[in-house]
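What follows is a group of structures, each given as structure tokens.
After this come two complexes, each holding chain A, first together with chain B and then together with chain C.
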Partner chain A sequence: MNFLKILARNLALGPSTDPFPFGETFTPKGLRGRVEFDAENCTACRYCEQVCIGGAIRFSKTPEGMRFLLWHNTCTFCGLCEFYCPTHAIHLTEDWHLAHGNEDKYAMVENGLLPTIVCTQCGAEAIAIAPNPTAFKEPATEGQKEQYRHLCARCRRKFLQGAL
Partner chain B sequence: MSLTRSQIVRSLSARSPWLYRINAGSCNGCDVELATTACIPRYDVERLGCQYCGSPKHADIVLITGPMTVRVKDKVLRLYEEIPDPKVTVAVGICPISGGVFRESYAVCGAMDQFLPIDVNVPGCPPRPQAILEGVAKAIAVWKERL
Partner chain C sequence: MSTYTIPVGPLHVALEEPMYFKVEVSGETVVSVDITAGHVHRGVEYLLSKRTIFQNITLTERICSLCSNSHPEAYCMAIEQIAGVVVSPRGEYLRAVADEIKRIASHLFNVGIMAHLIGFESLFMHAMEIREIMQDVKETVFGNRMDIGANCIGGVRYDLDDDQRSWLLGQLDRLEPQIDELVGIYTTNRSILNRTQGIGVLSPAEAIEYAVAGPVARASGVAYDVRVKSPYTAYDKLTVEVPTRTAGDVWSRAMIRLSEVKISIGLLRRLIEDLPDGPTAPAERPEIPAGEAIAKCEAPRGELIYYVRTNGTNKPERVKWRVPSFMNWDALCTMLKGARISDIALIVNSIDPCISCTER
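On to the complex of A and B.
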């Protein structure tokens, strides 16, 4: 009489088939999908480019600043970039709807621009440091942070030593 | 109003494209996911009217996995030519799309769309079964246009 038990259970619980693509499906928490880049928090340390297995991340210097480019079609969604990012500028979302027609192949990118700034002390060109608190240990007040952000790398070191 | 034989065949075959799988040097990760979408009732690709077939001559939608390795290149091209037109090609995983982690290797010829016309790309390493189902659904839409 075991089959009657199974029959009753199946009638009560319904089919186990996932309704997708005709209905909603589940997405497990922490699934690694489409990558999101937040240029505001990026300091261009290029750690993500270094650890990227598929070579999906590329930084390039342009007149406007440092450009970030990530191509999803060679990304393995391993999440190393997110793991190693010291300022949490890169994040893998739970969006896995990445299937696309071949005409959109090269449009599957995540872009970002880290604009060039002119150092307020010496006038040299530099990349603005992220306003993310994890990047700062030293300058504590908001005014100091703001001053620190508009310095080039050399002047930042001087700033931290208290020379400015 | 009478339908011609070809119109009947066309309207029926739009409902049941057959799938064929080509492994062009894949690591088997994507092949496992393809087997999952086909064999496990939870994902059940046959709800879309698809069925896996063993012969390229019966195929309508071709699923290609793996980067095009030098060793299988001629075989894949020969196999692809055996598949009757019209056909829809789906690149499953990042390897056939761009070469993935094997890109620029001496043993890999390059992106699949340099050699074959690809219609739908499903990126992932490997893509999850639902993503493959989404890609197959996109391929069926293309297939209906081609008939």
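On to the complex of A and C.
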């Protein structure tokens, strides 16, 4: 008999499911969805690539620079890349609208490029990367970051030692 | 009377996961059972030794969906022992929070499925609707409904701010009266009692002989709980009540699970209110030296043991785990003996078998 009471109450309350896709549904803050990459902040440490179990993240060297590619179809949305990224250059957005037709599968990617640059100090070819925050004693200023991005590996070391 | 053999599974409407039972019956009564496993063997143990230690945090989480927090938790605890990493107090509390949230959702799923197997569909849907509160909690706090991704080596990956803490307490207040109501139905409803009491009995002596774990052991009078016997994370700072029953039937196991849901709600309140300040995880990725370690935790189904051996490289040399379902499903041979054919699915469900964990 006690269940009849619940039955009557549930009838009065109406459906408890969301009317999606015809209406709104619940998307909590912090949901792990589509991945976004910010090349400006990437230090090319490739931690994200190392911790990715799906092998969804791949860095490759090209003449234009270091290419970042994330294929959403093997991403497990575990968020380890975001957790281990020292500069928050990679993060999972709340966008979960990832259903797509088979013909669009190669478009379900996140691309990024860390461009090839010429070192402003010595003229050597290098890849523009952001500094790892742990390399600085004090938080780096925007000017320092910009200067760092235009240096080669050797000149970056000098820069961090304060020798430039 | 002559006997004949009927197959149950590997694909069967009443089984959640593939498992093959060769059941010998005499009329309507089960005479003996032969269990054949291996339908969802994916070679995860081998795969773990081919992936990096950090990748495996996610890989262990994908072994099974219902214990998806216990696997990485035990794995991380073993790695932490090898690396000598100490988890911060806040990290320990948050690990226990994740553990209890998963336990509530897992137990409610099992008692819901029990109603479904009885044919009480409206109660099944009601139980699943109550569980939805915990699903929303997981989605909001961790960002995913099943694979919550709470653990990392050295701590946890999520944090609870003051708003989230009060919201979480509010959700527990919403959940508790509904659980009380559910307990009332499971204790008094005739359809439930007639179908579940006195079937699939495992006596206390048999429970010890089979070394069953988790709610199956506790329903047969064995008060064994890893959270009490060898406390991990924050459980040494809490008093964990271990409910036991002696009947050892399908109904007792469901009631143990419902009591544990109640206890978990109380534990969560304590954990959230006493949450210490401090970091949740180490700032740097720890170095993992060569070594070996064993860690165990109380998964929703019982004691989960992890063995990890590393050799100083970035990949573990061997990872091996023992899941509670391994002993529990062996006990099915005793539980099913003398049962009616119509009760087979109900008895199998009562051990809450996790085939993916066991066959990996």
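Methods note: the second predicted complex is superposed on the first by the 134 of 164 C-alpha atoms of A that agree within 3 Å, B and C clash if a C-alpha of one lies under 4 Å from a C-alpha of the other, contacts with A are read in each partner's own complex, and residues count from 1 in each chain.
Rule of thumb we're sticking to: contacts are C-beta pairs under 8 Å (C-beta built on N, C-alpha and C of every residue); 3 or more make two chains touch, one makes a residue touch a chain.
These figures come from a predicted structure and were not determined experimentally.
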* After lining up the shared chain so the two structures overlap, which partner does A:98 touch, if you call chain B first and chain C second: first, second, both or neither? -> first
* To do: Please indicate which partner A:25 is in contact with in the superposed arrangement: first for chain B, second for chain C, both, or neither.
  => first
* **Touching partner for A:74 - first (chain B), second (chain C), both, neither** => first
* Asked: Looking at the overlay, does A:157 come into contact with chain B only (first), chain C only (second), both, or neither?
  -> neither
* To do: State whether A:61 touches chain B only (first), chain C only (second), both chains, or neither.
  => neither
* To do: Kindly classify A:16 by the partners it touches after superposition: chain B alone (first), chain C alone (second), both, or neither?
  => both
* Touching A:3 in the superposition: chain B (first), chain C (second), both, neither? -> second
* Which parts of chain A are in contact with chain B and also with chain C? -> 16, 31, 53, 76-78
* **Contact footprint of chain C on chain A as seen in their complex** => 2-3, 6-7, 10, 16, 26, 28-32, 47, 50-53, 76-80, 83-84, 92, 134
* Structure fact -> Per the touch rule, the chain B residues reaching chain A in their complex are 41-44, 47-48, 91, 94, 97-101, 103, 113, 117-125, 127-128, 130-131, 133-135, 137-138, 142
* Asked: Can you list the chain A residues touching chain B in their complex?
  -> 15-18, 20-22, 25, 31, 53-55, 71-78, 96-102, 105, 108
* Residues on chain C engaged by chain A in the complex (per definition of touch) -> 51-52, 54-59, 61-62, 122-123, 126, 129, 132, 136, 139-144, 147, 149, 152, 157, 181, 184-185, 188-189, 284-285, 314
